[in-house]
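Below is the structure I would like to discuss, written out as structure tokens.
To keep things simple, chains are lettered A, B, C and D as they appear, and every chain counts its residues starting from 1.
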Amino acid sequence: MDGIPQGGLGAGKGTGKKKVCFVITNRVHYTRCKQLIQQLKNHPQLELQLVVAASALLPKYGDVTSELERDGVPIHAKINMLLEGGSPITMAKTTGLGLLEMSTVLENLKPDVVLVRGDRYEVLAIAIAAAYMNIPLAHIEGGDVTGTIDESVRHAITKLAHLHFPTNELSKERIIKMGEDPKQVHNVGSLDIEYLTTIDLSFPHDLWEKGPEGLGERFDLTKGYVVVMQHPVTTEYGSGRQQMEETIQAIDALKMPTIWIWPNIDAGNDEVTKAIRVYREHKKPPFVHFYRYISPELFARVLNHASCLVGNSSAGIKECSYLGTPVVDIGTRQGGRTRAENVISAPHNQEKIKEAMLKQIKNRKYPSSAFYLKEKTSHKIAEILAETEIDVQKQLMY
Amino acid sequence: MDGIPQGGLGAGKGTGKKKVCFVITNRVHYTRCKQLIQQLKNHPQLELQLVVAASALLPKYGDVTSELERDGVPIHAKINMLLEGGSPITMAKTTGLGLLEMSTVLENLKPDVVLVRGDRYEVLAIAIAAAYMNIPLAHIEGGDVTGTIDESVRHAITKLAHLHFPTNELSKERIIKMGEDPKQVHNVGSLDIEYLTTIDLSFPHDLWEKGPEGLGERFDLTKGYVVVMQHPVTTEYGSGRQQMEETIQAIDALKMPTIWIWPNIDAGNDEVTKAIRVYREHKKPPFVHFYRYISPELFARVLNHASCLVGNSSAGIKECSYLGTPVVDIGTRQGGRTRAENVISAPHNQEKIKEAMLKQIKNRKYPSSAFYLKEKTSHKIAEILAETEIDVQKQLMY
Amino acid sequence: MDGIPQGGLGAGKGTGKKKVCFVITNRVHYTRCKQLIQQLKNHPQLELQLVVAASALLPKYGDVTSELERDGVPIHAKINMLLEGGSPITMAKTTGLGLLEMSTVLENLKPDVVLVRGDRYEVLAIAIAAAYMNIPLAHIEGGDVTGTIDESVRHAITKLAHLHFPTNELSKERIIKMGEDPKQVHNVGSLDIEYLTTIDLSFPHDLWEKGPEGLGERFDLTKGYVVVMQHPVTTEYGSGRQQMEETIQAIDALKMPTIWIWPNIDAGNDEVTKAIRVYREHKKPPFVHFYRYISPELFARVLNHASCLVGNSSAGIKECSYLGTPVVDIGTRQGGRTRAENVISAPHNQEKIKEAMLKQIKNRKYPSSAFYLKEKTSHKIAEILAETEIDVQKQLMY
Amino acid sequence: MDGIPQGGLGAGKGTGKKKVCFVITNRVHYTRCKQLIQQLKNHPQLELQLVVAASALLPKYGDVTSELERDGVPIHAKINMLLEGGSPITMAKTTGLGLLEMSTVLENLKPDVVLVRGDRYEVLAIAIAAAYMNIPLAHIEGGDVTGTIDESVRHAITKLAHLHFPTNELSKERIIKMGEDPKQVHNVGSLDIEYLTTIDLSFPHDLWEKGPEGLGERFDLTKGYVVVMQHPVTTEYGSGRQQMEETIQAIDALKMPTIWIWPNIDAGNDEVTKAIRVYREHKKPPFVHFYRYISPELFARVLNHASCLVGNSSAGIKECSYLGTPVVDIGTRQGGRTRAENVISAPHNQEKIKEAMLKQIKNRKYPSSAFYLKEKTSHKIAEILAETEIDVQKQLMY
């Protein structure tokens, strides 16, 4: 922390490097930001201060700290901040706790700029800590329009941020419309898509052999399979069980080989996982294989070769637009997020879901969309961070 | 709290009234919201849940709880949340602590709507708690443009709020430009100006007799006096001492009877109060009278008859526009806030400040501006709250 | 909360009843305190203020709030305070968060005495909140000697408490030796044993039929079965996996019908559950049935008819002393806790564990011990609370 | 924090030094621990990790961080944790916040032992964080018997601590009686008295010239003067104003030159300071000089030459026993603290206080007592820390 003896944190002081504090808050987040982290670490004018927080510290969600060690990236601080419960109040409290913790870390690390990504509560906590402590804030993935509370939080972070890295042109325009300085808004494309362009996307034969073993029977993937990934909708807390039932019925009716990936820990998690658990235990469907966790590498390959992705994950809108994978997007969670032709929307209704799935499976792959793609996303972020002068006092542009 | 036996909080349940949770965070706040509180309390379709928090609980900043008792307004919860320190980090931490506490209170009170006012950290904490807990948020005083971190926080709260009560037409337009639903944005005028229209604004002869005694000599007010009220600028933390010195030199050069009101507790408070304290103790200026606290009633009368208000208080822009009192607004704190003709801006420069003051003193009263005035502000807020249906899922309007 | 209108919390004020605040922190805790809660609720001189906190609020650990509703016990406040992680730091942070929350609740409920039970972190948080807020503290289950951090915390709570309800004579003596006022130390026996005296203890035939279904095969219980219940040892964090392996090997070697009850959420939970999970998934032992949760009613009957209980649960020392069930107590967790003749100790060594188990199974039931038994435990606690005058200023008796 | 690159915190790892984390929580604390800090810093087997927390970070209570810089002692972390309010609930909340913050710091610094001093809430927070995180705790100043909540907290810390450094023989015996391991209890004498043995104790002629200026007239000290230092009594919250009035009346009746030192920030601070403030402003006593802050160096000299110390400070019992200064100890705050012949006790009664003061003034200096004195206190603490092996699992010794 501050005043660390023998060089430690003070190292950047004399060198005149700009200290960039970047916070990793979960496992998936880390994998998809590896290139960004390397760019920040190796940029001659930047000094990376890496903070690991929230579920990225919990072994059961994937061990980020030892992976960082293997990758040679030093950790400057660890923050435990996650309340147990998966309910609206624990989301609020996690934000409050994260704000208390993060401000101590910022006081001790004294970065020149804080870089955050996304729209979740950990990110809001960091943004507020930086804002009150007069530290310029750079934000990746602002300007998107979706459902859930993330929608409001994303725009609130935009209003606290000084430098913006939206992933697409429409989001860039929205950020400017909201009154941000156009000179500080840069469409650099999506880190998630950049990640896809750098990895092996071959058929996931090894899913059964090497991957982390899921629950349920194994089946032949080569004849086609669908993927389900449906998260709770925080703003519709209390309806999750029923919403999930509709999807379950659709899947149960189709009886196609299905890879089912566990929901995230947002408020409502209990409801939706209970529906899945009851289905699994009572029906023991031989055609479904359940994964609590799947590595981002494998997930990309599973998505790339799926006949259809069903649910409400942003991967359906973003990654699958690039991959051309057919998607059935259910409910309001991805609300207004700009979508390519690969997506069909469906309400929480088993008949409608089944119908849309059949249509998508029949259609097969769509052409790849470049909507969320830009070259050298990570490189550009690092460059802009290094070069931009930021005035900590913001003001609405109208 | 939730499940209170024998009627308690459950009282509103059967009645079908809409439960409005309103939070008071400081003494001045309370006085200027008295009419609003009475409107909320007496509205046939509303049930008021009043929370007292932050400095409103600290006797040294004025005892709100016993005043509420005298006014017959029951308190539903008290929240201690204020960190000592007056620095950027303590503002961040107070927000985090407030968020932890406020979410517990909301969990136990279960309001139908939360009503907040302004742009300070306590308010941001409440807004986030409500947002994550799927409770609709109504916000008074959004859309203004100013300096300090309040500028960013104000707009972040707007992005979390569902129902907006700006105080003027320009702010209403800005809120809509930021992508809020025009149907939910209501220019109801300023509570502060409504307050002025209801009280005695006669010459403050009794300042020396009955009011809370300040420090320093008494002098004859009837020959004219100036008022100084200059707060720290959070985004210029570290410059406060020098900024205040310039104002002090200007005042010391003019040697006019001066009523000096103590700065607020924002980050930088230490710096600016030190400058004042040193001036007071070393120079013992016989023409300055210092007030740590002045009641809103007396403050309004003092403002109304002042030859000039100097500093960076929003009262110079808002209250004085209605009163027609000449104002010298120093520095960036009131940044882009819309001003009537009564305001002259000045940088942190003693010569410029003195010059502007002389011009304003010579000019005398300006005509009253109606920019921040609307009839029945409090009544309208209560009416709109009672009648508006709010969908908890927001979405950007473009 | 404080100032609740229309009677609510103020109800007790005029009646002159002593307000007793009792906090339930988990599901098992509630079942075993039902009689105490009824005694407190129905005592003519007492008014019960019930707070539900920590894991008692999380549906996945058993839904206490709806059970309280069924039992007609009103809840005065709910406190979410549990951090996710099951590590030393999350135990510390949960205590800190609980202290922040509990002090707000006490400020708003203003009880005359706070009653707590046990030695866990939630309880320490409550004890400290009460201590600093000058509210007398009564403590059930002090004076025992065990292992883990609970040992230190239990005695720290004793030093903060004004009134003591140890469960046995030796513990009473220890509390007095530590410098507490002998007049305030009452051996009332154990609530856990009182609970056993009031319920059906017949053979758990219905384990397979009605109880919450566990994981694994069913088998014939009537030919004898053993029960395993081994929790993490917080002060030996990092050794849990190896410790559990020894027990697993012993069980796997014996191949007797085994009911295995899941460990609690103390620091180290991840380690020990991982060992069990790997065993279960790799070996799929047909003679073991795993329970994540078992109701206290069923647990008592399972214990009563077991050939042997193996592990480090306090139930082995307390409940089984009364039931006469043979116990193999492993490691340091129950350290110095006074044991009846039914307990054999064993180190973390599979051979020693197996040997001890064989000896115990052969021995069959021991005679019942009355060491932890007193008549009317709950009734006495309520009586003493009603009658005792407490001076909030404590002082060491030597 | 953990994983700091380029040596930083990892420096001690390879060297095999024992990492001692010591926390400074206020300005006075620092001065009196300077020798201890130097001993810890320079010991060949120890590596000092210094944390600055609570009021030690607030400029208005004396700037510790810049003094540490001057003294060449690096700071490893800073913790803001102090709530504003000076009431029972803010003491509780400060403890909770400190616990949250301190556990993050310990997680990142990973010390081998944590060293704390005293019995205040910041210290309890640190003790609990260390306890749950399995870090051995060493405690200075345990075993004393006093009044206020500090009495209970002190013994609670003893029950969490592994290694004890009481300041006198009686306290050592009490710690052992409470069940601690006699091998881990070392009477090393008082750091406060060691401090007195190393500084200039000459007549404070320079009080008026160089020292930080107080409020009120100056007067001739050489004809004799009394010192008043009376703190709030947390366990008698609500009675502070009346208690202080009695002392004020006694002082006002004697009309001797009086140096009055401001009370500390414990709960009740508002009450007692209000009494002083009203007295000062209404009576403007020409014979009293008020100090908000006095440096420890000057305080020692002021004490040494005072005709009498009046109030309830521990300095009356400890420092003055060594200096031989006559003391009138009022009320319960110093309760059972072992006192030398220099102390006369008095209740909160102006007549009794005046009477006792007259007796003490007449008596003049007492002989010096060695009750709290041992040679090389700081050196011994460092030595014992370096040499002692600590088993993190404690257990009551009976």
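FYI, a residue touches a chain if its C-beta (ideal position, glycine included) is under 8 Å from a C-beta of that chain, and two chains touch if they have at least 3 such contacts.
All values derive from a computational prediction rather than experimental measurement.
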Check A-C against A-D and say which one is joined by more contacting C-beta pairs.
-> A-D
Equivalent interface positions on subunit A and subunit B, same or different at half | same
Starting from the mean Cα coordinates of subunit A and subunit D, work out the distance between those two points in Å.
-> 50
Chain centre separation (subunit A, subunit C; CA means) in Å = 40
Counting only residues that touch at least 2 other chains, which ones in subunit D make the list?
-> 80, 89, 93, 97, 100, 103-104, 107
Contacts from subunit A onto subunit C in the complex sit at residues 55, 57-60, 80-85, 87, 89-90, 93, 97, 270
Residues on subunit D engaged by subunit A in the complex (per definition of touch) | 1-9, 11, 74-80, 97, 100-101, 103-105, 107-108
Given the complex with subunit A, which residues does subunit B contribute to the contact?
-> 88-89, 91-93, 95-100, 102-104, 106-107, 121, 124-125, 128-129, 131-134, 145, 147-149, 151-153, 155-160, 174, 177-179, 234-237, 267, 332, 335-336, 392-396, 398
